[in-house]
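The same subunit A turns up in both complexes below, where it pairs with subunit B and then with subunit C.
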Partner chain A sequence: MKTHIETLKRHQFEVLWTHQQRANLIQIGIKAEQTLPVLTYLKTHTPFVQLTHYSAVDWIEDNEFQLTYTLTNPQTYEILMVCARIDREAATADSLHKLWPQAVTYEHEMGEMFGLKFPGSPRVGEPFNLEGWRDMPPMRRDFDTVKFVRDSIPERPGRQAINTRDYIGAEAGEKRLLHD
Partner chain B sequence: MTERPLEKHTQLWVGPQHPGITGNMSVQIWVQGDTIQLGRTHVGYLHRGFEKLVERRKFIQAFPIVCRICVPEPDTNEYLLTAGLEELAGIEIPERAKWLRTLVLELARLAATVQALGGQAGTLGLGVVPNWTYTLRDYILDRFEELSGGRVYHMYIIYGGVRRDIPEGFFERLEGTLKTIEERLPALDNLIFDNAVFQKRTQGVGIVKPEWIDEMGISGPTARGCGRPIDIRRVDPYLVYPALDFDVITADGCDIWSRTLVRRGDIEQSIKIIRQIMRQIPDGPFCARLPNMLHWKIPTGQTYLRAEASRGEMGYYMVTDGSDKLRRMHVRGPSYVHGFSLLERMLPGLNIADLSATMVSMQTCPPEMER
Partner chain C sequence: MRDELPVLHGVPPIPEGSQPHARCQDECFLGEKPEPLKYREAIQRIKNWFRANSLHVLAYGTGCGSIELRPLGTARFDMERFGISTRPTPRHANVLIISGYLSIKTLKRVIRSYEQMPSPKWVVGLGSCTINGGMYWDSYATMKQLDLYLPVDMYISGCMPRPEALIEGFAALMDKIKKGEANGYLDYLERLDWYRENQKKIIHDWDLPDYSW
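Moving on to the complex of A and B:
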């Protein structure tokens, strides 16, 4: 697997970092603008032809989104995880739907859940899970789930609520256990 | 077939409440006569925001959440969550715990496969078969109840190993359950595979082209029904599967019939694996010593871990940031590929009456698609 990473470097692709997570899983970091060329190269010139998984992580403290592309070599089942960071404000990345048709589903979901834009991707903008959603994309770190529930679900009059945090804390004999 | 429906068509919604739909999802189809021109999968009816919820909870609190991602087979989710976080935290589990985890995963696969076999027959009007297979599944759930206290959601696999050791006499009772299932298999074969209706409605129907497998990441019985021996237990082994003797069942028709044959073969293989575990399981501790779960922090890292569920490759992508909660978790179930891109590609040209059978043959599972 390391030879393929060396080949990437020889082809003028900038590999920012590499990390061997386990024997058959290597992670690499690349520049966002090289995402499409790198993935096209990997699909056409190496055995990593299968897009197994594709997702985003919100690094709000760095004002960036990380896009993670997990590629599998179907002969050896080695995994190459390619990571690229994009600006959180622009939130725009290259679409992979022409390379892998199933990328449409992942991009469709990320468009809704993170508010990411994939120009040219056929179904971004259509509802995936959330119909008529008007709030901030819910998987962003700054989306406040508690506030959303308080604002959108009215409290039933007469309902007695137990504060779970206090209850578990008292049972365990500790204070301020959860969410702190 | 066309990307857009023909001018003269009827638009239909199958589901979200429909006996031929797995769980709550809907398929929007455009039909001309009896033939589907175009189809779109719509989900969201079961979305409970599991991935968001685990970001706000401590690692130990994620358990009651992830098992609900798959109702018929929750244990794969428990295993992937624990194994992924153990990998990121650098925790080694005892040998006996590995065997017990494999036992539970295989029991869950067996229960889900038996259920799926009946479900497949049910989509073609063979109502007796699901009644029988649900009974067989219930016998397995009895063993789960004995082992974990829960019938559907078990939460038996926990960080560091498993929650408790097996109760006394468990293996004898489990052997009795396996024998009961084996005794019923010839009758099930007679009802399903010797049935002319089943043969006619499944052979040559719901074709998955072999070239789609690598292109789309198809796995499990859907890939093995095309003659490709893809089984994560063999190609990317985990737990004690390398020490176990089992066959990867394949068939080469690429149709519903082949996928059902693969599932039928999987039942025997799961029974074979469970018997080997009962014979070979070593003594020793069943759980490693762990830090206080209420203050457990895991260093920054990310991983992708996979296991073979009864439906195919189940994958968990997990990111930690040094805190006591997951930074991100994304579940890539087999249905995520089979239920959207593959199903939508298979629908054009299909007869409307074969929609349910085709969808069930891939065991599409809505909670896994929308999480």
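Moving on to the complex of A and C:
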């Protein structure tokens, strides 16, 4: 797998960082504007032909979204995760629908859940998981879920909630005291 | 129960001196004529007894609780021994089980299915999610209280309830139907505006007809 990353570098793609998570899983960071060329190269010239997963992470502290493309080598089951960071305000990335048709579904979902834009992606703007959603995209980290629920979805009064962390901590503390 | 029922008179023998083609009103009854109210109540009781023993569950699961319906329907717990069976379409079913959490997107489909079911029909709320949101109380996608949107006749609490609890719940529902107290479907028709108002509060892209016949 490392040879393929070296080949990427030799082809003047900028690999910002590499991180080996397991024996068969390596993550690499690339520039967002090189996403499409890198993925096209990986699909056409290396055995990483399968897009197994494709998701977004909201790095609100860095004002960026990270897009992670998980590619698999079907012969050896090696996994290469290609990460690219895009600006959080623009939130626009390249569509992969020409490379892998199944990417459309991921893009569709990310568009709805994170408000990401993939110009040219088919079915963009159609309702998918959320029907009639009027608020900000719910998977963005600045979306206050509890406030949204309190404001817009009626709840049966009298519900008692226990803070799980305190409850289990207290219980564990008691037990420890008993054992001591 | 048999003792409490008023005696329903069969075809009486023709009283002496009466006309052969007398109008079948008062003459049809020998002795004391039963009061119409009691008569109707008796018929209703018989109907309810039949209804309670003919539950047809719509085979439709909304949340994780529906996984408990599979062992209930099959050999291990076998709900057919209580006369409860599953039906694949709402037109053939009269019990709707909301099994666990109900997302707002699914609520729209559930309303459609419920309205298509022939009356009398009953709704069973399964699991704590239908009662107060359960572990999904802070989810942006699920409703928190089922009886605002559909008339619930029986709640079965638990997260999630075991098939034994479901059998217990069905037994309670059957008792309720026999007593004539499970009238959620009438309530839904009477207070349709109130239910509609609640439904439209959380379903923002409302595109259902006035009533899904």
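Criterion: the second predicted complex is superposed on the first by the 154 of 180 C-alpha atoms of A that agree within 3 Å, B and C clash if a C-alpha of one lies under 4 Å from a C-alpha of the other, contacts with A are read in each partner's own complex, and residues count from 1 in each chain.
Operating definition for what follows: a residue touches a chain if its C-beta (ideal position, glycine included) is under 8 Å from a C-beta of that chain, and two chains touch if they have at least 3 such contacts.
Since we're looking at a predicted model, the values are computed, not measured.
Legend: residue contacts after superposition of the two complexes on their common chain; A:Pro101 is shown touching subunit B, with no touch to subunit C.
In the superposition on chain A, contact is made by A:Pro74 with subunit B only, not with subunit C. In the superposition on chain A, contact of A:Ile162 is made with neither subunit B nor subunit C.
In the superposed model, A:Ala23 makes contact with neither subunit B nor subunit C. Of the two partner chains placed by the overlay, subunit B and subunit C both lie in contact with A:Glu131. Shared-chain residue A:Thr145: touches subunit B and subunit C both. In the superposition on chain A, A:Pro154 makes contact with subunit C only, not with subunit B.
When subunit A is checked against subunit B and against subunit C, the one touching more of its residues turns out to be B. In the three-chain superposition model, subunit A touches both subunit B and subunit C at residues 127, 129-131, 138, 143, 145.
Across the interface of their complex, subunit B is touched by residues 21-22, 24-25, 27, 49-53, 55, 57-58, 68, 70, 72, 74, 77, 79, 81, 83, 100-102, 104-105, 127-131, 138-139, 141, 143, 145, 172, 174, 177-179 of subunit A.
Touching subunit A in their complex are the following residues of subunit C: 104-105, 108, 131-133, 137-145, 148, 198, 201-206. Within the complex formed with subunit A, the subunit B residues making contact are 43-44, 47, 49, 51-53, 55-58, 61, 87, 214-217, 230, 232, 235-236, 294, 301-304, 306, 313, 315, 317, 319, 327-328, 330, 332, 336-337, 340-342, 345, 370. Chain contact summary for the complex, subunit A toward subunit C: residues 127, 129-134, 138, 143, 145-146, 148-149, 152-156, 159, 161.
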